[in-house]
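Please go over the structures that come below.
Shared between the two complexes below is subunit A, which has subunit B as its partner in the first and subunit C in the second.
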Partner chain A sequence: MSSPVEQITVVSSDGDEFKMTVAAAMQSEQLKQMLTDDSISIVKVPVENISTEILVKVIEYCQKHADHEAATKANGGGASDSEAEELNKWDAEFMKVDVEDKLFHILMAANYLEIKGLFDLACQTVADLIKGKTPKQIRKIFNLKNDFTPEEQERLSRQHNCSFD
Partner chain B sequence: MADWSHLPRELLQLIAERLRFTFYLLRFRSVCSSWRSSVSLLPHPLPAKFPVFSNVGTSGHGTFCLSKRTLFLVYPPPSLSLSNSDPHPWLIKIEDVRGQLGLHDPLSRYPIKPLPRDFPRVMDVHDLPVVELGQEYVLNDFSPLNSLEDAGSLYLEKVVFMWLNSKSQEFALLTIHVSGKLALFKSGDKEWTIIPDMPTPYDDVCVFQGQLYAVDGAGRTVVVGLDSSVRLVAEPVFGGDKKFLVESDGQLLLVDKYLSFDYQSLEAYDGFDDDVCFGCEQAVKFKVFRLNEEGKEWVELKSLGDRVVFLGDDCAFSSSASDLFISEGNRIIFRDDYFNDTAKENGLGVFELDDDRISPISDYPGYCKLFWPAPDWLRLPRLRISKSLSTCHILQLLSLSISDLWFM
Partner chain C sequence: MKRPHAGDDEKMKKLKLVSVDEQGDDWASGNPSGPLYFDDNLLFEVLKHVDARTLAMAACVSKQWHKTAQDERLWELICTKQWANTGCGEQQLRSVVLALGGFRRLHALFLWRLSKPQSSSASASASSSSSSASWPAFQPMMRSKPSPRLGKDEVHLSLSLLSIRYYEKMNFNNRSR
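Coming up: the complex of A and B.
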């Protein structure tokens, strides 16, 4: 049995290397599987799809949540309401990123690395941006083009415009 | 720059699942073609008929019809310049009974009839930001075509409805039987199942996070399983006279209404039998609790913060003060016959948690503006006006979200 690994190194698509504690890495199902598989000896893990900018954010999330879990365990089980609220507040601040770029890539990274908490958080952030908005507003937020065919557009318009004589 | 139109289909679907209300899903599908094709909508007509309870009243036979009403906050179009107008939202409740539409008072079970002649026209609904606040279900014991004409259903208990499976159209309905016990009906059942568990008659039911919850008059709260089993989630709080369950910001809350019976009106009725009692119940106080699931208890909440809770005849929902364009939350807006004296008060009262104070809604102009009459921005000249536009068409525009279901 190899000696217990304290840290692993992840390499971004830009080639930059970052150290992650094992606890933080375990937040990712993908990394967790590698770590718990004795037949793999880990030196450096390349994460090809994830840029430095996004990887830094992802590691930050993983570390914070790993620390929270460790603190909860030390307290003998359940997190207190205030601790849970504090984490929620931290998550909300963490997700205050630009929609045009970072949010998209964080979502993709969380999906790729299978970090459930971050993935759920990112999905919910996107959903919250959509709720209550008109399609035009949604397009603006996500920089999307209205690419419906003229026939589809006509159908949508007919349903939403009043043209009575 | 990220390309959101190229988000993988599975991710788009997962995001769409979190939109929760069909109305938002319809808008999601109106954004662009890749988003539209990632999610399909199966038209789900509401199940039409349910058997009446066999021991109720004189009618042993017959059916209930189910109506659904949806609560919306409608905002002015972002493109409109509102320098002379107040951009506050409008709180409405719309009922769609097989294509026939009705506008309801948000907190009562009665439709707004007749609509005033100068009811404003609405332009492109597509351009109105809309927040859906929840739904209300009502069991009517007569034909749905009459439901908009009559004063209301004879069946007065709260009803909740839940789709069990988005694909197979399985559903469950939970309500409170006249005996005070819970009654459950699932798709495929021939009769209601009356659940025997009842230490105290039940006061309210709700759907929260995909489960059926019920609270009794003492505050004891249970989750009702689809097998009619009952699981305790919170011990009683006792306290007040009527309990409500309401979801607020992802949490389940218990609202306990304290009533006093107003005996003053008895004196006005000379010459009547001593046995005849006149008067009305008046709310004097509310307490709010949040659920401590692990401890199976309700813990009193001293403040609702930014939240505003609305308690209607058949619905309970909440919103944030900021969504309502109001400076302060921490209030409960409720229906109370005590405030029904003038049309201005609308039978609505406001309870401030800060100082346990109850006042008619007319004391709060910011809250009044949410309700009827329609806000000024609906009447702005930019909106296209057509003389032949019937009220039915206007309502159709507003509730296109519901009827869109059949076309998309």
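Coming up: the complex of A and C.
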């Protein structure tokens, strides 16, 4: 890689700029491709779909995981069980967001930037959110409309043994 | 993915999440934060991580969720998660099960029952062993601990039952005697 940059700047949809280390940026496949493509010279990367609030969280995740990877490499390539567990605990705390909207937006951002770890983590967290819930509760979480006809509802509730109430 | 979304990136699915304003007036927007519309593929990714019961519930949420929750690949994941050892290759298993009616049907007809107690039995005695929040009614029938991991025999049994059912239906439809 001939590029001497050590940091890149990402710009949120709100127009705020944030610096990321290259290592952190490499957590994102999208950013990684830009960085490894010598024909592109990076100055600022606008991430139009991601607000400041979410971008801050995403960068935090990337930085933490980049640091973890670097530490693992420095230790000779294998992460110890306790380190892996500590990272998992950090991830769990990280995903505790105050509103569910934030969670969905983090999921979207992880997908947009192709950050596999964060994407899987967010998917799992959203899945945990709906586990054991009734359709009505799920609809409430996602703010969805029940668009089934009464006949369809009747058939489904018999088929799936679930209540629409 | 069998449901390409307009504008998707070839390499990785670019899943869209749009707010209600862009989506038009399909959804009631009484809530200040507005409803979010999940792309089919995104929903699929999330549903990969849920258990059978939740997936069945998901099918009752809305038409979009119903369509996604019916996806055979999700049910295949759920079925095979439970199987310790099927004794045959993944692709082979998949082609057999799909030919006989699919994983969703397999699960609904047979696997679900293998993991559920008899509905008429008094389940109070085993209530202490119920540890999984997502299966509130699940109590092991004759085992001391909840263990939904099915071995080769249960797998073969359920596949046999599925094929018998398929055969019965086939015979009935083609009856010419």
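Throughout what follows, the second predicted complex is superposed on the first by the 150 of 165 C-alpha atoms of A that agree within 3 Å, B and C clash if a C-alpha of one lies under 4 Å from a C-alpha of the other, contacts with A are read in each partner's own complex, and residues count from 1 in each chain.
The definition used in the following text is that a contact is a pair of C-beta atoms (placed from the backbone, for glycine too) under 8 Å apart; a residue touches a chain by one contact, two chains touch by 3 or more.
In this text, all values refer to a predicted model and were calculated from it rather than measured experimentally.
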| item | value |
| --- | --- |
| Room on subunit A for both subunit B and subunit C (clash or fit) | clash |
| Touching partner for A:E60 - first (subunit B), second (subunit C), both, neither | neither |
| Partner chain(s) touched by A:E17 [first = subunit B, second = subunit C, both, neither] | neither |
| Which superposed partner A:E85 touches (first subunit B, second subunit C, both, neither) | neither |
| Touched partner set for A:D37, first subunit B, second subunit C, both or neither | neither |
| Contacts of A:E154 with subunit B and subunit C, given as first, second, both or neither | neither |
| Overlapping segment of subunit B (options 56-64, 92-100, 236-244 or 380-388) - the one that collides with subunit C in the superposed model | 92-100 |
| Subunit B/subunit C common contact set on subunit A | 101, 104-105, 107-108, 111, 123-124, 126-127, 130-135, 138-139, 142-148, 156-157, 160-162, 164 |
| Of subunit B, residues touching subunit A in the complex | 1-5, 7-8, 11, 14-16, 18-21, 24, 27-28, 30-33, 35-36, 73, 75, 77-78, 121-131, 294, 323, 384, 386, 388-389, 393, 397, 400, 404, 407 |
| Subunit B contact footprint on subunit A (complex, rising order) | 78, 100-101, 103-105, 107-108, 111, 123-124, 126-127, 130-139, 142-148, 152, 155-157, 159-162, 164-165 |
| Subunit A contact footprint on subunit C (complex, rising order) | 12-15, 17, 26-28, 31, 33-36, 38, 42, 45-51, 53-54, 56-63, 65-66, 133-134, 136 |
| Touch list for subunit A against partner subunit C, complex | 29, 99, 101, 104-105, 107-108, 111-112, 114, 119, 123-124, 126-128, 130-135, 138-139, 142-148, 153, 156-157, 160-162, 164 |
